[in-house]
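Presented sequentially are two complexes of chain A, the first with chain B as partner and the second with chain C.
Then we have the complex of A and B:
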């Protein structure tokens, strides 16, 4: 006999469906509370604030998490890269903006390279401790460069058209930034889940030793993951700066936790080997819907952070708890059947 | 019977019409300040509250906990989403909020900056607490008097992106050019970012780096309070003179024991009150923010809009008041 309660865990084991259901519930809940302000159209506009920069950061973080590592220096990398961009551009007095952007991306990759080298060189240290150190280092360098000043006066296409621009698609005003982020997802998904190169990351994260013996250069894989993560962090800093219009060394403080939260919510595990690009996208949408709704209802940033914590516990724990319950029931049923015979 | 019925129906329709007109949505102002939990801005909000009771508008208020630019942008985006009629902001970064406020103005939202202004391109009007030159001058005069017109002084400011403090410091430097201050040397300007711990550390740093330091000006309520504590903790009370812009409720003890002989501030409640009246006048269309326009600012009387010299316009609220150990008891419970 199959009971309904037995079916629930199997359904909820698909993280994507759980996230999808939560998105619908979240939207409906806030839509009822704030029917005029919390609409799909307005939410779409708010993706600029809650989705884009964290999204780019989470894409890089996903790769590192799949390897079973973690990088908490990403927000600092974003700040340092953006600082390099702002300082070299020097409000139009310095280098051409295109070159400043390239330098910014290079800075991100270099920061990632340093992280990666430290991680593969000092295997006895946890990546969390290493990146905790580099986090202060990168933000410290940004502070030495800029001190307490801010750098800004970027070209209009950057601070206006990219940061606040909208494209009309089928009558909907879609932020330019969001389109940039969404363009990356299919490519990233295909690469990570459907190519040999992508599968190497999962293999390395699932079993490092076995992967090494099957001919995967696990150190190279790790190094490349941290470098890509640095690149994505720099891109996140780029989009964040396009919104703020100026850079300060404090920019993006705390974003690393949001990026980790999104990746974990989307199905990545800190012990490695797991992760999904589709799940990550859904987790991003869910957090955007939730944070924006809470911002409208409570107008308080503390509640926003609290909600992310609660949601993480909810989504990560519930499938586990249901799974445990299911196992317990199966065992009890088998015992009862054994007793009958 | 029919006539009575039709009369009743007509009366009901009229009543319905009257109700519909009466139920017109009230004006909403979205207030943004530099940081949440800062008593100066809590007093400012009391000014908005007072004005809202007199004028019958509603307002929502918020500031980022970390006094960041991106935190303010997040709040402003939320206000735009809620279709507020006006945004009244004290900006953490005069340039950093211009783009987002321009999108607000494109949607017909009026933008008034108060306390710390937004660049002219991102605002309709600025509400300045007092003549910036005066604010700079009185603090230099005070510290010079206290140290006997001779020796090293330093400035402990808020954030380097805060436009109000930057303007006052520029005027302080201008004032220091005068011959009577020839023997006074301004050694440095440091920034505590309006965070108590950072301001405290910066003050300690000043004491350690400049052993001959005679006086400190801190033109920010968070900074001057943290500086007073740091001076006391390091046993420099009386040896290093302190003045600046402080909140009476926070500075009462430091004024009473002489760590700070005198400091200045205008009434933050009046500042919020004036910003509220300016926002409402702008939403109602009484003013557009052009030079020469006048509007009624409630109990503060009439205010005239003037050229701010940065491409935008501003109004003035009041004058800085000098607080000392003698008069502080009258004020410490007010704000």
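Then we have the complex of A and C:
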């Protein structure tokens, strides 16, 4: 007996379609509710606020989640590296801005390196515990450097052209930041899904022991994932600062959870071996559409978080329940066939 | 010699030594730290964390984790707080003040025990949802409780409609709840001790308590031997939720304030306390006494960092040092464990 669900090609069963459907539904729902304020053009402008910094963090987080690890210190890394940038630039009194940026990126990578070294040196420990401790450490260092002050007065190209700049593409005003983020996605996708070095991350996440025995330097892979994650966190801090115009030690608090939520929504699993860049992008778009709409309707951060949490659980739970139902049906069918014979 | 060896090998004893050492070191710099009253204060202050860590032990034992506890604390304290606020009334009584009978208006509300039971019930319900998602919905624990954390904080916001509950909305019995002293110890300490003994009995002597270990150390084997692993996971989460509700009430009474985002970030300290106390995050391993000591160690560190009065405003240093200290504690823990494993291997060869 061939059932209808077997006929649907596997391609259409992918999570990406679920996300895509949800994006369309969300957009239509809010567009009907707020026809004047919730349009594609306005949404595109709002991606500056809701999409770019979390997007960069999620890109790094994806890599760590694929390995089956987790990093909750990313927001603290973003805060620390942005702090380093702000303090070394000293509103034009200190180092040239280019060198400050390099220092910022180096800080991010170094923080990631510390995380990675701790994770591979102490395999008995859950990465969650390690990054939990380093999170307090990194944000604490940012606190010591900046105290309660904020560092600002960045060059205009940074705080104005990058933070608020728009580029006209086919009659649409696209934020410069969004273009920067979108430029990364194809490269990242090609690297992660279509090269050997990208596949090594999936292999390591799926079966660490088997990967090691087949000649993959799993420790190096883990270390590089954490370092890249640190780099992406620093970049996220960079864009966050350009959007807000100044650095405080508290910037980006709670972003790590959002980054994890985006990656998981996009198909990554915290137990490793799964994840997709396309799914991540769709999850980002979905969250942006949802957050923007909810902010328009309720203007309330708590309701926003509530729906993000609900979405996160539903998107993970529904495929699980469907899978269980499918399994139950198969077992019942087999039993019936057995009873006939 | 053999006594010393045993002492070194016993993890709980080692941890106790570390705590005593910490107290002595900080006491050298600031003698007020090692005074009896301050130590009692630390114990009272840490009680809430210990209660939460006891619940977290159950959850970690079955190989799960719960990062929604701070949200559960907020929601349950908020629900009970609103009931208390709505039933608030004044009762005129007369008391003897310096031999003169004086009229006194005391704020009363729903009996304290009802409030606490309500908070624990709300907490247990949240734990139930967590457990259902994890055990029956097969959602990974971190993802489920992360999502629930968002949802529960949102619910606590909806329940409170954005309002916080202050001292003026609290009944006298609730305000005094954590301000009673018995035999020199705060009521929080006694509640913590009661919870500890109850859970100790449960985990060590009852069948369903032992099942927590069985499920965590080998889920398949536990299932094969007839244990309902799903129900055990569910039970652990419900216990955690109820204890979080209790802790939420203590926290609210201690602070004289309930806000919708109360205790944000507290869960991380609780998990750290469990890890320092020797609980394995992958499940099946951990002693209840260790958890108590682990939480105490964090309490001593927190209080000690304030009392050390490092250069300038110690708050600046406290944040950074806390992370470093937790890291060092956890890493030392690994070295101790490695040494233990090596020794076991060596003894086997002999």
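Quick note on the criterion: the second predicted complex is superposed on the first by the 328 of 341 C-alpha atoms of A that agree within 3 Å, B and C clash if a C-alpha of one lies under 4 Å from a C-alpha of the other, contacts with A are read in each partner's own complex, and residues count from 1 in each chain.
Here is the rule we go by: contacts are C-beta pairs under 8 Å (C-beta built on N, C-alpha and C of every residue); 3 or more make two chains touch, one makes a residue touch a chain.
These numbers were taken from a predicted model, which means no experiment stands behind them.
Trainee: Taking chain A as the common reference for superposition, should the pair chain B and chain C be classed as clashing or as fitting?
Mentor: fit
Trainee: Taking CA centres, what is the chain B/chain A/chain C angle in steps of 10 degrees?
Mentor: Result: 70 degrees at the vertex chain A.
Trainee: Figure out whether A:147 sits in contact with chain B (first) or chain C (second), or with both, or with neither.
Mentor: In the superposition, A:147 contacts both chain B and chain C.
Trainee: For A:179, select first, second, both or neither according to whether it touches chain B, chain C, the two together, or no partner.
Mentor: neither
Trainee: Which of the two partners, first being chain B and second being chain C, lies in contact with A:302: first, second, both, or neither?
Mentor: In the superposed model, A:302 contacts both chain B and chain C.
Trainee: Does the superposition put A:163 against chain B (first), chain C (second), both, or neither?
Mentor: In the superposition, A:163 touches chain B alone.
Trainee: Output check: A:252 vs chain B and chain C. Expected answer is one of first, second, both, neither. What do you get?
Mentor: A:252 sits against chain B, while chain C stays out of touch.
Trainee: Could you let me know whether more residues of chain A are touched by chain B or by chain C?
Mentor: The partner making contact with more of chain A's residues is C.
Trainee: One more residue to check, A:269. First (chain B), second (chain C), both or neither?
Mentor: A:269: touches chain C, not chain B.
Trainee: When the two structures are overlaid on chain A, which partner does A:126 contact: first (chain B), second (chain C), both, or neither?
Mentor: A:126 contacts chain C only, not chain B.
Trainee: Look at the superposition and give the distance in whole angstrom between the closest pair of CA atoms, one from chain B and one from chain C.
Mentor: 6
Trainee: Under the contact rule defined above, give the chain A residues that sit at the interface with chain B and also at the interface with chain C.
Mentor: Overlap of chain B and chain C footprints on chain A: residues 147, 300, 302.
Trainee: Considering only the defined contacts, which chain A positions touch chain B in the complex?
Mentor: Listed in rising order, the residues of chain A that touch chain B are 36-37, 42, 45-46, 48-49, 147-150, 152-153, 159-160, 163-164, 240, 243-246, 248, 250-253, 292, 295-296, 299-302.
Trainee: Tell me, which parts of chain C touch chain A in their complex?
Mentor: Within the complex, chain C contacts chain A at residues 65, 133, 137-140, 142-144, 146-151, 153-155, 157-158, 260, 268, 271-272, 275, 281-282, 316-324, 326-327, 330-331, 334, 337-338.
Trainee: Mind pulling up the chain B residues that touch chain A in the complex?
Mentor: My answer: residues 36, 60, 62, 64-66, 68-71, 73-75, 77-78, 81-83, 93, 95-100, 102-103, 159-161, 191, 193.
Trainee: Which positions of chain A touch chain C when the two form their complex?
Mentor: 70, 118, 122, 124-126, 128-130, 132-141, 143-144, 147, 257, 260-261, 264, 269-271, 300, 302-303, 305-310, 312-313, 316-317, 320-321, 324
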